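The structures considered in this document are given below.
Common to both upcoming complexes is chain A, partnered first by chain B, then by chain C.
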Partner chain A sequence: MVELLAQTGLNALYAASYTALVAVGLVLIFGVMGVINFAHGELFMLGAYAIVAVYADWNLPYLVAVAVGMAFVGTVGLGMERAFFRPLRDNPLGGLVASIGFLMILQALVSMGFGVRMEHVPPVTQEVIVITERVRLPVFRLAVILAAVVLLAGLWAFLKKTRFGWALRASAQDPEAAALQGISINQTARIAMFIGAALAGVAGALTAPLISVNPHMGHSVIVTAFIVIIVGGIGSLEGAVIVAVAYAFVHTFVTTFFDGVIADIVGLLLLLIVLIVKPTGLFGSTDRA
Partner chain B sequence: MVAKMFKNVLTRRSLLGSGAAVAGSAAAAAILPRKAFAQDKVVKIGFLAPLTGPVAAWGKPGLDGCLIWGEWINAAGGINIGGEAHAVEFVAYDNEYDPAKARTGATKLIREDGVKFIMMLGGDTWPGAQPVADRTGMLFSTLLPSDLSPDTTTLIAPCEVHPIYNVTGVEWLADNMPELKTAVMCAQDDALGLPSVATYLAAFEAAGIEMQDDPLLFDPATTDFAPVVTRLISGNPDIVCLDTCYADYVHPICEQLFQQGYGGQVISCTADFYQQIVAKTSEEFMEGFVFQFPDFDDPALNDESINFQMPNEFYAAYASRYGADQWGAVSWEYASIMDLWKAGAEKAGSAEPDAVLAAMKEGGTGLHAFGEADWWGKDLFGIDNALVGNWPIVVIEGGKATIKEFRSIPEWYAKHGELLKKHMSAYGQMWDQRT
Partner chain C sequence: MAKFAALFGFGAILLALPHALSFSQQEILVFLTINVLLVASYRLLTLTGEWSLGHVVIMGVGAYASALLSKRLGIYVPVAMLLGAVTAAMIALALSFPLFRMKGFYFLIGSFAAGEIIRLLWKRFRDPFGGPKGLKKIDPMPDFDIGIYAFDFFEPVSYYYFALAVVGVSLWVMWRIERSPVGLTFHAVHWQDRLAEASGVNVRAYRTLAFVLASGFAGLSGALLAHYIGTINPNSFDVEQMVFVLTWTIVGGTATFYGPILGCVVLTVLNEIVLREAGFEQMRPLIYGLILILSVLFMPKGLESLVRGAFSGRNARKNKAGETKAME
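Now for the complex of A and B:
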């Protein structure tokens, strides 16, 4: 039983890592721009397809492919900001609808370019750390966990220690007051969108060798991300990280000890309870970023 | 990648995402008969299956196979109906595995395209098309006989009797590896997964193999299978059964089994694109993997009892056109249904649905791809509209799928039918339990 608990804990850590990356990106975009980006799951999908193209098809090194994926998806995010979200800044519902339309466009484009079947991504490494006979941690999963920790720590440092980070947080708290202080709302929106999209992209790129890469893979990710950010408090980065970890542990342990369907029900029940008891989410406040 | 995109755009785009009109045109253009047929001597066949979306792997390869089948038939003189040669033309409609789109597609194929027969994957999409079938009397086929009921008089399951044939794999395992005593199973919680769970439970019970745990059901939206696999192998089972999981699940589950150090037997209904699983795990890990769908380059398919025309050549043409790694469980199935339909139409001297159906079912037997078979199913489906006979047991050996044996589904059912009905009832999968 101890070994089962330990293996499940390791599984949960991995799930928490990529869930946190996706959720934090989504929160950042909402926090600064006030837009619910329904296409966030498709940005995750684009990151995975960057791995298919650069790593699997062009045979370039995996880390190069991750960097390309991160930059590419971040750039797509910039394009979304300029094309959809900026013109619709005063119309949050319009931004949401635009993001729904864009997710369909991305799915169609990827289907046309790559086909609808799942893509084969060769394993980066098959090395496994054998802790005991029943407790094993594949090296690649460990790398994903570490990468997520480094990226989230870097984001935290960026937001807390740099002028751009202060500007982002100020824009998130009160856009008008921030503008009066000379902070460019357009620039902070661009930065937020680039970072948020890049985080989704890098999450997709990091996990691509471990999951089924197909044009519709973003769906399940966005559902989980929404649960996390609602429970964490929409706009709260700390809440997103903490709840991503907690949700991943609950979901993984319930899946292991009951089954995956019950795990989904438990996740949605938690969402309902939080919405009833604390509608702003566990860490929700006026200080959104 | 650019070349890949270019190739995909040129050869696949119209069939993937651009809707029925473009797809139908592309299909028609692709199979224009080489032999000259009179303009009105064309019989149109509807292909109403998922060509995009998560279930496309069980639709699109089937259309690809049908296009080859159509080219061959037309080149050989077409279909002889009432003494006149008719070219065959496939009209595709992408239902995206959506019941509403299936209904729209069925209506369009019948009213606008004038098809004489519609092939479907079935499952969640059949309830969408059924009212159209009831209203028009159109002959439909499904790969999933769980769609059958006494009310579906114009629906046939003439190829794949999913999931009943899975019993043959378990029976073969028990006969050839009697040391395997315990099993666990996982499945997605949907219309494909649950009847298969019931079938495997019956097959394991019939074989005297003990289930270590209840089947582990997971949400079809699952992407990370580490927790599922951790739970599955926690009791060190002799057999891990992957039920009828989609390829999107079979691949990551196998990779997790490999990474978590499982060294036992794996059995699955399908192993689509299994070369990729071998690449992600190892040849040693995949050695002995049992499933139910052969590659058609298998020499065993050249046996005279096989009723699929030139299977090895068909596989070669498919691999040449689409790539060997794109061969899947359904690549041959819809084409084999067309063999049956062609024989029925030629026998009836008519392409009209009721005449073809009567000719197909005459005498209660038919020529299934894997040998002579019976029209069967009243016990389980309430109607004898499933063509059931032998089914192959396929094992991966040296990284390649190999047919080990053909086994009779009716013979298994004659011995263990009550077990199957018991488990189907427990999972609410009998025809009179379905809503």
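Now for the complex of A and C:
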């Protein structure tokens, strides 16, 4: 039993790592631009397909493929910002609807380019750290966890220590006051969108060798991300990370002891309960409601 | 009098229409008729200002309920359809307690989550919902004869007439609701909710009422669909379908009763004629996505604004005060 718990805990830690990357990106975009990006799951999907193209099809090194995926998805994010989030800045629901439209476009484009069937990505490494007979941690999963920690730490340092980070946080807190201080709202929106999208892309790229890659994979990702950011308090980065970890544990344990669909239902019920009891989330403020 | 003549002519066109179409076009006409009811009910929901992402799932509730009632309990199909609509309304009533504690964004996400939960329940519980494969061999409408016309429901034309009658009556009821004091209160709740509340209107009760009524009609459209195609599954009511409904509604515009219907008809005709004939059917999600973005960006008041611009240039200034933005 202890071994089963330990193994499930390790699985949960891995799930937490990429969930946190996706959720933090979504929160960053919401914080700075005030809009929910419904296409965030599809950005994750694009990151995974970058691996299919660059790593599996063109046989380039895996790390190169991850970098390409990150940069590419970040650039797609810049395009989204310019194409519809910026013109719809005063109309956050319109921005959300536009991102739903964009989600359909991305799914359709990927289906046309790669087909709707599941893609197989060859494993990067097969090595497994054997802790005990029944507790094993594949090296690749460990690498994903470490990469997520490094990326999140990097983001934290960027937001707290650099001028760009200050500008970003300032415009998240009060766009008007930030603009009065000479901070370009368009500039901060671009940075937030690039980083947010790139985080989703890198999460997809990192997990691609371990999951089934298909054009509709974004759906469960966005559902999870919604649960995390709403429970965490929309707009709170720390809340998103903490809840991502907590939710990954709940979801993984319920999946292990019951089944995956029940785990999804539990998650969505948590989301509804938080929306009913404390709509600003566990770690959120009332800003931007 | 001219109005009645126009209405009569329009009715005659609707009755004659299927005879000018091919078999597959007749089938599409049936779907279009059902979808008209769906978008019209969606507009009823948006009257009070809330945009739901769970409406297609509510439609599915009507479909599942009606299919199960006729399949398991052997209830006469038209009665099962009505009960399906009532079930959808009841589920909506139950959902309204958590959902109407939210507004705007939160309502949108909350309705999405509630819809997903229902869909997952269909997927998870093979008995009675049939799991991921859904329900098959749903009882068709039993044939009947009304003297002047014998309904044979293997023919799409017969089902079209039946659906047309049901949808026609439903639209008339929704139209009457909107014109009644209740409908005017819906508008007040949307545009002046503080003022309405201060004037003694129970805002939450009216929001709930609009939601429940709209869900009932959506459930009816789902029941019509279920007994026509004979098989439904959780993916028949997924986000993609919701995007179609959103697109029809936003492209049409929500300020008038006919806006979303116009959007639905125009886009369906466009889809069937242009895309299918040109062999671009695969690109439908892509094109719908593009249309959705472009209409949010450039035509926030929808197609109806073009129609009104053409018909009532002289009234344009007068109407401006009451005009509404599609997404606010």
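Rule of thumb we're sticking to: the second predicted complex is superposed on the first by the 285 of 289 C-alpha atoms of A that agree within 3 Å, B and C clash if a C-alpha of one lies under 4 Å from a C-alpha of the other, contacts with A are read in each partner's own complex, and residues count from 1 in each chain.
The rule is simple: a contact is a pair of C-beta atoms (placed from the backbone, for glycine too) under 8 Å apart; a residue touches a chain by one contact, two chains touch by 3 or more.
These figures come from a predicted structure and were not determined experimentally.
Placing chain B and chain C on a common chain A by superposition gives a clash between them.
Shared-chain residue A:103: touches chain C; no touch with chain B. Of the two partner chains placed around the shared chain by superposition, chain C is the only one that A:84 touches, whereas chain B remains out of contact. Once the two complexes are laid over each other on the shared chain, residue contacts for A:92 go to chain C alone; chain B is not touched. Touch criterion not met for A:44: it reaches neither chain B nor chain C. Residue by residue along chain A, chain B and chain C are tallied for touches, and B comes out ahead.
In the overlay built on the shared chain, the residue A:226 is in contact with chain C alone; chain B does not reach it.
When the two structures are aligned on the shared chain, A:261 is found in touch with chain B and with chain C. Of the two partner chains placed by the overlay, neither chain B nor chain C lies in contact with A:283. In the superposition on chain A, A:112 makes contact with both chain B and chain C. In the superposed model, A:128 makes contact with chain B only, not with chain C. In this superposition on chain A, the options for chain C are 113-121, 131-139 or 203-211, and chain B clashes with just 131-139.
Overlap of the chain B and chain C interfaces on chain A comprises residues 108, 111-112, 219, 223, 259, 261, 264.
Touching chain C in their complex are the following residues of chain A: 36, 83-84, 87-88, 91-94, 96-98, 100-105, 107-109, 111-112, 219, 223, 226-227, 230, 234, 259, 261-262, 264-265, 268-269, 271-272, 275-276, 279, 289. Of all residues in chain C, only 51, 98, 101-102, 104-106, 108-110, 112-114, 116-117, 120-121, 123-124, 239-240, 243, 246-247, 250, 282-283, 285-286, 288-293, 296-297, 300, 327-328 touch chain A in the complex they form. Put simply, chain A touches chain B in their complex at residues 4, 7-8, 11-12, 14-15, 52-54, 57-58, 108, 111-118, 120, 122-123, 126, 128, 130, 133-134, 136, 138, 141, 207, 210-212, 214-217, 219-221, 223, 251-253, 255-257, 259-261, 263-264. Interface residues of chain B, counted against chain A in their complex, comprise 1, 4-5, 8-9, 12-13, 16-17, 51-54, 56-57, 60, 189, 216-219, 221-224, 226-228, 230-231, 234, 247-249, 251-252, 255, 258-261, 273, 276, 279-280, 282, 325-326.
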